[in-house]
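You will see chain A twice below: alongside chain B first, and alongside chain C after that.
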Partner chain A sequence: MKKLRYERPIINKIKAGVPDKYGMQTKVKIRTEIDGVPVKEIVEKYGSPVFVISEKTIRDTYQQAYMAFQSRYPKVQFAWSYKTNYLDAVCKVYHEEGSWAEVVSGFEYEKALKNGVPGNKIIFNGPDKTDEDIKNAIENGSYIHIDHFDELYSIIRLSNNSTKKAKVAIRVNMDTGVYPKWDRFGFNYENGEAWSAINRIMISENMELVGLHTHIGTYMMTANAYAVAASKLAALADRTNKKYNHSIKYIDMGGGFASKNTLKGAYLPGKDTCPSFDDYAEAITSALINSDIEPDKLPVLFLETGRALIDDAGYLIGSVLANKRLSNARRATIIDIGVNILFTSFWYEHEVYPAQECSQQTEDTTLYGPLCMNIDVIRESIQFPLLQKGDLILIPRVGAYNMTQWMQFITYRPNVVMIDKDKNLHLIRKKEDLLVFKQQEIVPDFLSDQFDKL
Partner chain B sequence: MKLKSNIAVSENGFMFDPYTGDSYNLNETAVEILKLLKSGKTNEEIIEHFKEKYDVDDATLEQNIYDFIAMLNHYDLIEKQ
Partner chain C sequence: MGENKKKIKEILKEGSIKSYAQVFFSDSTAFGILLLLVSFFDFYAGLYGLIAVLITNIIALMMGYNEFKIKKGTYAYNSLLVGLGIGLSFAFGWQSLIIVFIAAILSLIFTIVIEAFLAKYGLPFLSIPFLLVMWIVLLSSRELSALGLSERGIYNINEIYGIGGKFLVDIYQWFESIDKPLFLKTFFLSLGAIFFQYNILAGILIALGLLYHSRISFTLALLGFATAFLFYQLLGVDITHYGYSYIGFNYILTAIAIGGYFLIPNKYSFLWVIILLPIVVLISLSAAEVLKYYQLPVYSLPFNVVVLSFLYFLKLRAKHTLPLNEVIIQLNSPERNLYYYQQAQMRFKWLSYFPMYLPFMGRWRVSQAEDGEYTHQGEWKYAWDFVIVDQTGKQFSSYGDYVTDYYCFNKHVVAPSDGTVVEVVNNIEDNIIGDANLLQNWGNSVVIKHTEYLYSQVSHLKKGSIVVKKGDIVKKGDLLAFCGNSGRSPFPHLHFQLQATPYIGSKTINYPISHYIRYIDDKYELHSYDKPQLNDEVSNMELTTLLTTAFKFIPGQKLRYQFNGKKVEWEVKTNYYNNTYIYCPETNSFAYLYNDGQVFYFMSFAGDKTSALYYFYLALYQIPLGFYPELKLMDIFPPNAVFSKTEMIIHDVFAPFFSIYEAKYQMMFVDIDDDLDPELIKIQSKVSLFRLNQNIKTTRFNITISSKGISSIQSSEIKLELI
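Up next is the complex of A and B:
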């Protein structure tokens, strides 16, 4: 006799009077494939956990964003934000699509050059640029975005020894009507510091002011803040033109567009509340076109969007390690994905899906990572179906920041694979092993062979 | 081990505890366990019954059954010895 399909027995207390703000979920969503490739097949080949990048999603999302701006403004240039995800394979897809590179350190600068990006298509942001970094950037004709006066004077000093003029922009911070106000990067608009910096650059013979830049914040939930910022930068550009008869070549609106992930504490899911690329594009391009800048002198619009371009293209597959009950009988499930590799779980309520057929019965569950640390919580509370040890799970929208901010802590960082447009799998970053760490560590001679001495 | 008397369990998995006024949802396998408990079966007999009827490995089944019984205890649905 054929045995029946088994489902774990479960008892759930009915809590009347505590309405769920999203209403009752009727069906557990299951995701068994990424771009048509079975999750099970990926794990069989590359183990668990494993990050997966969808080339198709990168290209589709990029085109969606590009078209949103290109259809509204004549000159648009994206620059890929390296810090969001600087895996070479990922960067190269963006460069193929036409993106320049936006880097914030000497390390990222080196990476961009190695990826074949010409020096004059690299934007160098960030508060930390060494003299060596600045010299390289000047020689390569990269765009240096100045963060503070110390950097400005360093560039003046270093460019004295160069035959080339430094191409610079200033980073401007300002009140855009949102809280918190980001004023730690660049020069302030309202107190006149930005205008002082522009004047200092304009009277220098060794620098050419090519652009104005701002980065108003991250995960911006309102497009209007960008309209305010674009108007203020346009006013600065116009003022520079009037005083020095000098056209600013580009205005760089930075990044900060929200992805569709849901922030912790948010009342509604991110995919319902975040502005679209069209919303951001409409706000920014309208502000520039309606500014006092003459139409034939409209600057190129640069965008350094990172999160909103890559988040949807990244997935993290993991598996269930164990189930247990907490002291209050609440279910806890331990998975092999910890906060060390899913750094964004500190601020997002990540969606988590079973990756195989499973029961439709759910329990209020806490999802813990595998680290021996109390902070290792992936979801405090999620209505989760009954999975058994070894079952696979899939976490979507993890493409931004996780593969750069991840920590090597307690366990090795896992494989990262890319699914190309033809559904082929490619390993793009190898799982670490002991050799990786041995190569970096040096044990002094007097500490060797401790156990042999005993 | 015995389920407290007066606890009502419907065929479709609705359970009511008149002592506390609490209600519970159960899935099919949980209803089956409660029926077996009510008919006086021991934990071991229940496990044996499930092994024969369902496609499940021994370790998973044993863990799941004892976890379920722990939950019945947690909700104070089992008669104290």
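Up next is the complex of A and C:
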């Protein structure tokens, strides 16, 4: 007979909440596998903590999003937002599905080219583009999304020396009725700057105005804001067509679609409150179709959705380091996942699941990370079962931003593993080691061999 | 004024010559001239014939009848026959000249009146005017003592001597002395008899002319005559009897008219010739019996009776079950009619259709096609149901328990073509999944009127989602409503049908979709004037601006190309019939084109087959205006546009039954430099020639389209570059 698990005793106040029609949920949900691969097996092979990416979820989510738009609008093109997750393996899955690349820096641009994306399928966004970046983009026929007039002047200056016409779009910001108003990127619509930028481009010899771009915010909880934005861009496109007889080839609605994570302070879980792809698609495509643009001349609709596409595909597996009791008698559990690798825990109430059979008794627990820093908290308060040292936990929906914004702090960044459609595991980013850092660091000669001198 | 006179002279000249050819349903000038000469074998008959033709055409022109028809000889061929008849029957003199004059005018009047009368039934007037006038003249002549009866036709040799001297007489006698098979002899005599020339030489010359004009007509003439000949043998009547062979031409003309002229020549039309000819024989014999009491010849009565009856008989068919197809646009030659018809079947179906597209955006799948297993049956069989499926082929996400799970639910439904909204129902509840509203089975629907007797209906729309109202004018692609689940719809889908009446649920009509893209895995197929089949995934074609601009030819536009290093200049023009063509003045070549906004076609080519324009025509025979990677397309050239005249002679003979020579066109989109804002598109096209299904030659063209237009066409033989 298998030895029973030791369960430490606890004393819990009976808190009978308001039961809903399903009665009271008391069962602790556990998740022992990802796409049918046991979490335990992954940890045995790749250690803990470890990021896991599901190829199947990426493709399914992409298709879901693509279907939502494609079935409502004749010409739809997604561009994978590199900053959300630029692991090459991830990017390549998106490119295979038909996504272009959306990059915001020279580094991401290089990465996209290296991933085999042709220059004319890269959208170059962002406020920081060096002269070198702009030159490359012009030569490769990439689409440059202009953020400010200084960039516009740079492009005019640089494109004069090029044999190729610069293909450009302008980024437009506007009031879409949501707070906060994102007006730091691009040219404002209401004060006429956007129209003025369009005019400058249209009279310039060496630039071709191909598209209009907006990015109204991030984690947008209302689809209506997109409808407002789309109709404003359509109005600009129509005005350009009327004045210059020049049809705008694409309208880029940026990203910002919310994922199913729950924001801190939210009353209801994200998966119940966030709009679906269909809601966003309905708002955007209806606005475009109902605009003054003729049906035959409708521009291609570009989407740079990052978060909503990848968040669900990413998992983080960790393990319990220790349990302790705080001064106010509150239970604390220390896990090996810190804010250095789970950056998003600053704004999400991440769901955390035990990854093996465990007690059904829960305690109000604080989950701390392993860092020697006070801010290293994964969850302030969570009804969590009684785990023991070495027990595994699983945090779902961590695909977006964590693998790009993570910090190398105090310890190495962990392995990243991809589960392919056939449930095979592939290491797609190796855990760092000392060598990685040694390679980057240079110790001046006068500081070397200190210990020898002792 | 001088210009006008020249024009009148031109019309008279051409109209008169073609009147001769018209007797054999031809508009060939060369054949006309030959027949004109043959008619002078009997000098006075020929003369009277010519006079009658001229009088008719001059009066028709003066009275303001259709110049086009005069020019084609339509009005004068009956007068010609009357003139010939009078010339042969009466002695030359001023009295008979006056009769010719009067008879010609009467023929014209009868022609115009009978034409108008029969046109109501869609029938030709054939040689009825001739028949009536000739009988009138003959009957009245018995009272007109001043008219001397001619003795010509009896003393043949005297007459021939009069025309061509001893030389011609020698030829004639040599000819008569040759032992000719009975069949051929009577055949040639009958052919000659059409022009009142009862001699073999005339018959042979006419036969050669007919062969030159049309191989199919010639074959039919032989077939018709042979059938009648055999039937005579069977009945035991001697066909060589003067009276009978004088009406032998009835068999020839009936065979040509039914076998290849008024019907598209094929095995069925040939079969009907064989069936009809004995009938013609019976009518000939019986008519002769009746008419002999009036001492009137039968002339072309049997031919007229049989052809008109049979054509009208065909018109009253309820269904066209056999491929017996009436010629709609008469091109005056069985070959031309046949090749044009084959082209029309293959390529120009759009001529008769109002453009119709799919009523949605993006890619949908046909869940029930025409003659579907559920509801598309009987009078409602020409309809389609569409749904949206995901990559795995599922119509819904999660479990499909709610309408909102279905991908197609609440998706845009757009106008399939321009029109006016004539019916809207917008207040029927959407069903829960699995239920069906059998009382209001069409659910929420919109009916649009496109043209007379052409309406489209979309049904099972979402309750309250219709954004148009009765009387709204919609353009293709305008939003109508959203897909729903109302009416007899157990799960959300879009029903689309075309009908001839404006009511919801009218019976459907058999009508194709103009152009659509069918998706097969990663490949694309363009279907034109076709119908989506069950489980096809289809969408409307998205146009590529670079292509639409390059293939937009505006009348007056000049095209300048470098052809193998030599400069050529063309102009885009439009003619009287609103057909656009590219004209090359240097080689006097025409390339007729058509662009329906979605696909560019070259329709036909006339002129120099070594010119740059000819290669332009070959290479760009059909080009869709939306770029889809590796999209392939097939088409077929009319054989006479590609093969030489000598090759065509053999081809023509067998053309009603099978094609000896075939020319196929194939094109494929090869490359685009940029999906979004392309500046360069590469196309490959291929012209393959086949003889008895054996490939004899293939020419490949590499075509480049740039923002300047069609910038280059290259093959191993030619190089055409835009200047």
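Points to keep in mind about this one:
Definition applied: the second predicted complex is superposed on the first by the 437 of 454 C-alpha atoms of A that agree within 3 Å, B and C clash if a C-alpha of one lies under 4 Å from a C-alpha of the other, contacts with A are read in each partner's own complex, and residues count from 1 in each chain.
Here, contacts are C-beta pairs under 8 Å (C-beta built on N, C-alpha and C of every residue); 3 or more make two chains touch, one makes a residue touch a chain.
None of these values were measured; they are calculated from a predicted model.
In the superposition on chain A, A:Glu282 contacts chain C only, with no contact to chain B.
Within the superposed three-chain model, A:Ala266 lies out of touch with both chain B and chain C [touch as defined at top]. Partner contacting the larger number of chain A residues, of chain B and chain C: C. In the superposition on chain A, A:Arg5 makes contact with chain B only, not with chain C. Interface residues of chain A facing chain C in the complex, by the touch rule stated above, are 63-64, 67, 70-75, 77, 120-121, 141, 143, 167, 208, 210, 247, 249-250, 278, 282, 285, 289-290, 295-296, 300. Against chain B, the residues of chain A that register as touching in their complex are 3-14, 16, 323, 325, 329, 359, 361, 388-389. By the touch criterion given at the top, residues 361-364, 388, 390-391, 397, 407-408, 410-412, 414, 475-479, 539-540, 542-543, 545, 673-677 of chain C touch chain A in their complex.
Chain B contributes residues 15, 22-30, 32-33, 50, 52-56, 60-61, 63-65, 67-68, 70-72, 74-75 to its touches with chain A in the complex.
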